[in-house]
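Following this line, the structures themselves.
Here come two complexes built around subunit A, the first alongside subunit B, the second alongside subunit C.
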Partner chain A sequence: MAKFFAVTIIIIAILSAIPVLRHTWDMPEDISTHGSLIDEQMTETMIEAGIAFLAAQFLLAIFIWKFSNQSPDAKIKKFPGGAKALVIAALLVVGIEVLALGVFGVKAWANVYLTPPAADAMPIQVQAGQFAFYFRYPGPDGKFGAIHPELSNEGTQNYFGLDPEHDPASRDDIVAAEMAIPVNKEIHLLMHAKDVGHSFFVRELRVQQDFVPGLDVSLHFTATKIGKYEIVCTQLCGLGHYNMKAYLNVLSQQDFDDWIKKEQAMQ
Partner chain B sequence: MHDVSAPAVHHHAPPTSFIRKHVFSLDHKVIGKQYYALALVAALCGMLLSWMMRIHLAWTNAAIPGLQLLSPNGAPGGVMTPEYYLQLMTMHGTIMVFFVLTTAPFAAFGNFFLPIQVGAEDMPFPRFNMMSFWVTFTAFIVLMASFFVGDGPTLGGWTQYAPLNSVGSVGGPGQGLGVILWMASIGLFCVGQLLGSLNFITTTLDLRVKGMSLMRLPLSAWAWFITSCMGLTAFAVLMPACILVILDHVAGTSFFVPSGTVMNDQLLPHSGGSTLLWQHLFWFFGHPEVYIAIVPGIGIVTHILITNMRRPLLSQRVIIYSMGALAILSYMVYGHHMFVSGMNPISALAFSFPTLVITIPATIIVLIQVFSLYGSKLRINSASLFSLGFISMFVSGGVSGFFLAQPSIDIMLHGTYFVVGHFHMVMGVAAMFGIFAGTYFWFPKMAGRMMNETLGKIHFWLSFVGAYCIFMPFHYLGMAGNVRRYSSFVDDFLQPLLPVHQWITVAALLTGGAQLIFVYNLIHSRFWGAPAPDNPWEATSLEWSTATPPPFDNFGGKHPVVYHDPYQYGVKSSVGDYVMQTSPEQVVTEHEEK
Partner chain C sequence: MNTRKIVLALLTTLVCSSLMFAGTVSGKVTYTGTPVRQKPIDMSKEPSCAKQHATPITTETVVTGPNNALDNVVVYISSGAPDDGQVPTQAITYTQKGCQYVPHVLPMHVDQEFQILNDDQTSHNIHPQPKINTEWNKSQPPGTPPIKEKYDKPEFIPVKCNIHPWMHGWFVVLKTSHYDVSKEAGDFKLPNLPPGKYTITAWHEDYGTQTADVTITGNETKDVNFTFKAKAY
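Presenting the complex of A and B:
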């Protein structure tokens, strides 16, 4: 039975590794300027974690195979080097691995979160509420009108709670249900939660960030490939959470200019 | 330590009435069994919920016969609504994390065996101990009651993020009374665990018999001691957090709801609350909780493995220090749950480093366990199989922690099934394997009868292969970006992943069904199993030196005296290849750890 168990562990370990090696269920192709560093970090971690996983499972299997059901007269042997060698090995191997992953990972994280957006980055505000995203562009004046939560009303389509009567900055704001952006242009995304916690996740962009009610957070990124991508909510926000999504439309500059003109005319 | 010159007088008299013996018992052994029974019932409820969830995820429009009886609104015609899915999911997580993974390995086995392993006749505060169980039991009833009141249980997940947990019924079904009951239940649960932890710590420090130095404690006792230290601090933070949420509901406070919150086109009358405050309070409890679930498992399976390897560990001391390191680091890593929560991105780096470092003591534990197998005389039985399975699962779930420890990778994997796969393997399945190993090993002492080994092995094979079939694919789904906590997968990119969900559902139904073999074995052996000898596994620690089942005062009016380290195997003694801790017989051993 012990040998059968050992073989089972090895078969499971190999079967588990196959989909990873064959990239059966990978993330889709990266379309951001910052994503390649994250992907590299993912690959390096996969190699290190994969080796650790296979080595541990194989060792466990080999020792079970070899040392189970010994005869009563068999002598107990001790692993040469004892515990000290293992502790030193763990400290060195895992310690170096941890340091390497930690230090190299900082760059990928810093790229997204610790660098300021470019001065000419295009500001877009996204508001998340149960269970829809709305996007706001500042219009020709380049300024967003102030949000007045008490004026927010889905029925009158005043999704952001704007007050165009008293607030000139809000009069030219463009509000849309889909997010269109020009390709190769840095976007400064200002995130506002209307009610509870939500999240903004675009797999292809390598972007995921929670909305924090009461605290406006921001992100910046550049999309490099024209196409239509799904934006989904990844923070449990209520009964319609599974269906809370919008589309990110990455357009050529010309197409984007046309789109924004059309949206402006519809306001 | 006890003064051994004093006669062994039990500090509360043996009970005479049925109620005092079996219901409101002060005896730690009865309380341990009560905790075990509670965990078993809770585990079956949690498993049933997971079956229903899995069926709904794989075949969204499938009617589940009888479900409409539980909730006519939540499952009209037996077909689950999206909100009812979330309600069942929340209850599954809450029941499993609190009432199974915390109660069984820690409160159940710890209650029964910690006093015996240190040589005490009971816990120092038996009334607190009894209260601990009954408060926990009440907590379970309060939680389950939410199925039957108002619009059902809360749908906010076991993490109950703010402000969804504080806005009231406007947030969705179950967000009013359902949340209040959840918070009341978990607040009570915290009280129960605080009382338990207090007893565990005092038992370990004050009630050890003569010769039982700290380093002579078995690893299971060390694990329960370390866990109770974590419990004392972690539950003490969660309990007030739950009270604050209840106040937000009933007293008009705004601890967790900020100003400007608009729901259903109405501006809520709250202001000044912080949603991130809840996350900090919750995860300051929540991450140590992961170790509260798994450290007892580490102690239990190592204790069992040593007995079945017939040799001491390469180093017992290193395992103790490593478990201690896990406990201390567990408080310094909690922010890795919040990398993309909106907290300061520099703190993400500060929380990432200790999260990566915590893999070092975890690796040391696994290396010591695995390399201690080298040159051993491993006995294969249900208990040792589940212990070895524990190591395999702990490694598989542990390596995925490497990914989630890094904020940059977390950008992709946060909120996906990768996280679900990770924690189910490392704290769910691994901890369950620890519970199963402990049950097969200690059942003879607890019930006085042996369990059926053949059924135990069948249970192991189906559970081991089944658990991999369920939880490994979770990781693949996460790598493809499959978001968790969705009641169905309507997004275009999720459609191709549906067959994987169907595979998981079939595996979950079969593996869950295999657990019924365990339940049958447990019940059948309890009444009709072969009578168990005092020391069926030829083990050394104190629980095997007393009668089976142990008498009311554990050692029949005597204080045992301890002469040896806990794991004197591979020696030549008058009884075989081991010498019990309580045996004065001197043996030659090269394994004594200084």
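Presenting the complex of A and C:
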């Protein structure tokens, strides 16, 4: 029985590894400038974890095969050095693996979060609220009007609580339900939540960022391929979370200029 | 015997006269100035609704008609009407269609039952937000039976959808069944008014409330018009 179990473990380990090695479920295409760093990090993690997983499963199977059904007076073999040495060895092996992943991964993280956006990056404000994303562009004056939460009114589509009557900077702001950006232009996203926690996730952009109520979060990225992509909320935010999404339209500069003009006319 | 006949005759005359004499108040609601432009609604997050509108629909805060007509104004008798307490039994419905509330403003009598229908391929979660009546919200997946509800206190109740932020409308709960909503050319009509002194109130969701006093003496139709001032923002 034990030997049968040992063989089953090995079969399961190999079957689990096959789809990963054959890239059966691959990552969606990467359309960002920092995406390759993240994808490399993912691959390295899978390799390290994969080797550790297979090694552990094989060792387990071997031990079960060899040492089950032993007679009661067989000698019990000990790990050389005893329990203390075993713990130290485990700490070192796992610790080095995790540290290595962390050290090599810092560059991917820093690229998105710890470096300042380029001076000519285009700022776009994103507001996540139950259950839709709304985007605001500063308009020709380049300034975002102040947000007055007490003035926000979904019935009149004043999602950001702007006060065009008293605040000139908000008069030319463009509020849209979809996010259009020009290709190959750095975008500086300024994100805040209207109510509860949400998350902004575009898998092709390799960008996923939680909105924490009360915090102003910012990140920057550059999209490299024209197309329409989904922005989905990936933080459970209530009964409409399943329905919370928006579309990211990466357009040529010309198409983007046309789009912005069209949106401006509709404000 | 004679006295009884006289009294009976008098009573009959009185009752008959009040039944025979039923006036009407009718008129138009208009606006002056330039209303703020209604913004088109982007429904891209709900494709099954977006494709129902060849041109995107706009917000309905201010709906106008020809010749400066102002629509969706609830005109009703706010005082003077016999508070008969009789709840109208006719069915009234509030439909979610194309991710929009139809009609935008639904007047009803206190304790009158109304039905909420979901005509869309997506779930809605209707959330009226009263301050006096009991607040509730209800999920309604597509193909499920109508939701039946009623309110027991008069109030102007804004209605929103918890899932689709752009959906907005109103429940107007009134003590009287003498009400109308101005439509198209801004016309409204309040028929079947027994002789008496009345105060008519006109309510618009953004431009506020106006009142007018009117006296009905017989069968006549009294003309009462309301003019609201448009807001620039």
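Keep this in mind: the second predicted complex is superposed on the first by the 241 of 267 C-alpha atoms of A that agree within 3 Å, B and C clash if a C-alpha of one lies under 4 Å from a C-alpha of the other, contacts with A are read in each partner's own complex, and residues count from 1 in each chain.
Here is the rule we use: a residue touches a chain if its C-beta (ideal position, glycine included) is under 8 Å from a C-beta of that chain, and two chains touch if they have at least 3 such contacts.
Keep in mind that what you see is a predicted model, and the values were worked out from it rather than measured.
More residues of subunit A lie in touch with B than with the remaining chain of the pair subunit B and subunit C.
Residue contacts after overlaying the shared chain place A:Pro123 against neither subunit B nor subunit C. By the touch criterion defined above, A:Gln57 lies against subunit B but remains apart from subunit C after alignment on the C-alpha atoms of chain A. In the overlay built on the shared chain, the residue A:Gly240 is in contact with subunit B and with subunit C. Of the two partner chains, subunit C is the only one that A:Glu165 touches; subunit B does not reach it. In the superposition on chain A, contact of A:Ser16 is made with subunit B only, not with subunit C.
Shared contact residues of subunit A with subunit B and subunit C: 129-130, 154-155, 238-240, 243, 245. Those residues of subunit C that touch subunit A in the complex are listed here as 39-46, 59, 61, 122-123, 125, 139, 158, 160, 162-166, 168, 232-233. Note for the complex: subunit A touches subunit C at residues 129-133, 154-157, 159, 164-165, 176-178, 238-240, 243-247, 266-267. Those residues of subunit A that touch subunit B in the shared complex are 1-2, 5, 8-9, 12, 16, 19-20, 24-28, 37-38, 41-42, 45-46, 48-50, 52-53, 56-57, 59-60, 63-64, 67-70, 72, 74, 76-79, 82-83, 86-87, 89-91, 94-95, 98, 101-102, 105-106, 108-109, 112-114, 129-130, 147, 149-150, 152-155, 161, 194-197, 199, 201, 203, 206-215, 217, 230, 232-243, 245. Residue ranges of subunit B in contact with subunit A, taken from their complex: 81-83, 86, 155-157, 161-164, 167, 171-173, 175, 257-263, 265, 267, 273-276, 309-311, 313-315, 318, 340-342, 345-346, 348-349, 352-353, 356-357, 359-360, 363-364, 366-368, 370-380, 385, 388, 391-392, 395-396, 399-400, 402-403, 405-409, 411-412, 414-416, 457, 464-465, 468, 472, 476-477, 479-481, 483-493, 497, 500, 569-570, 577.
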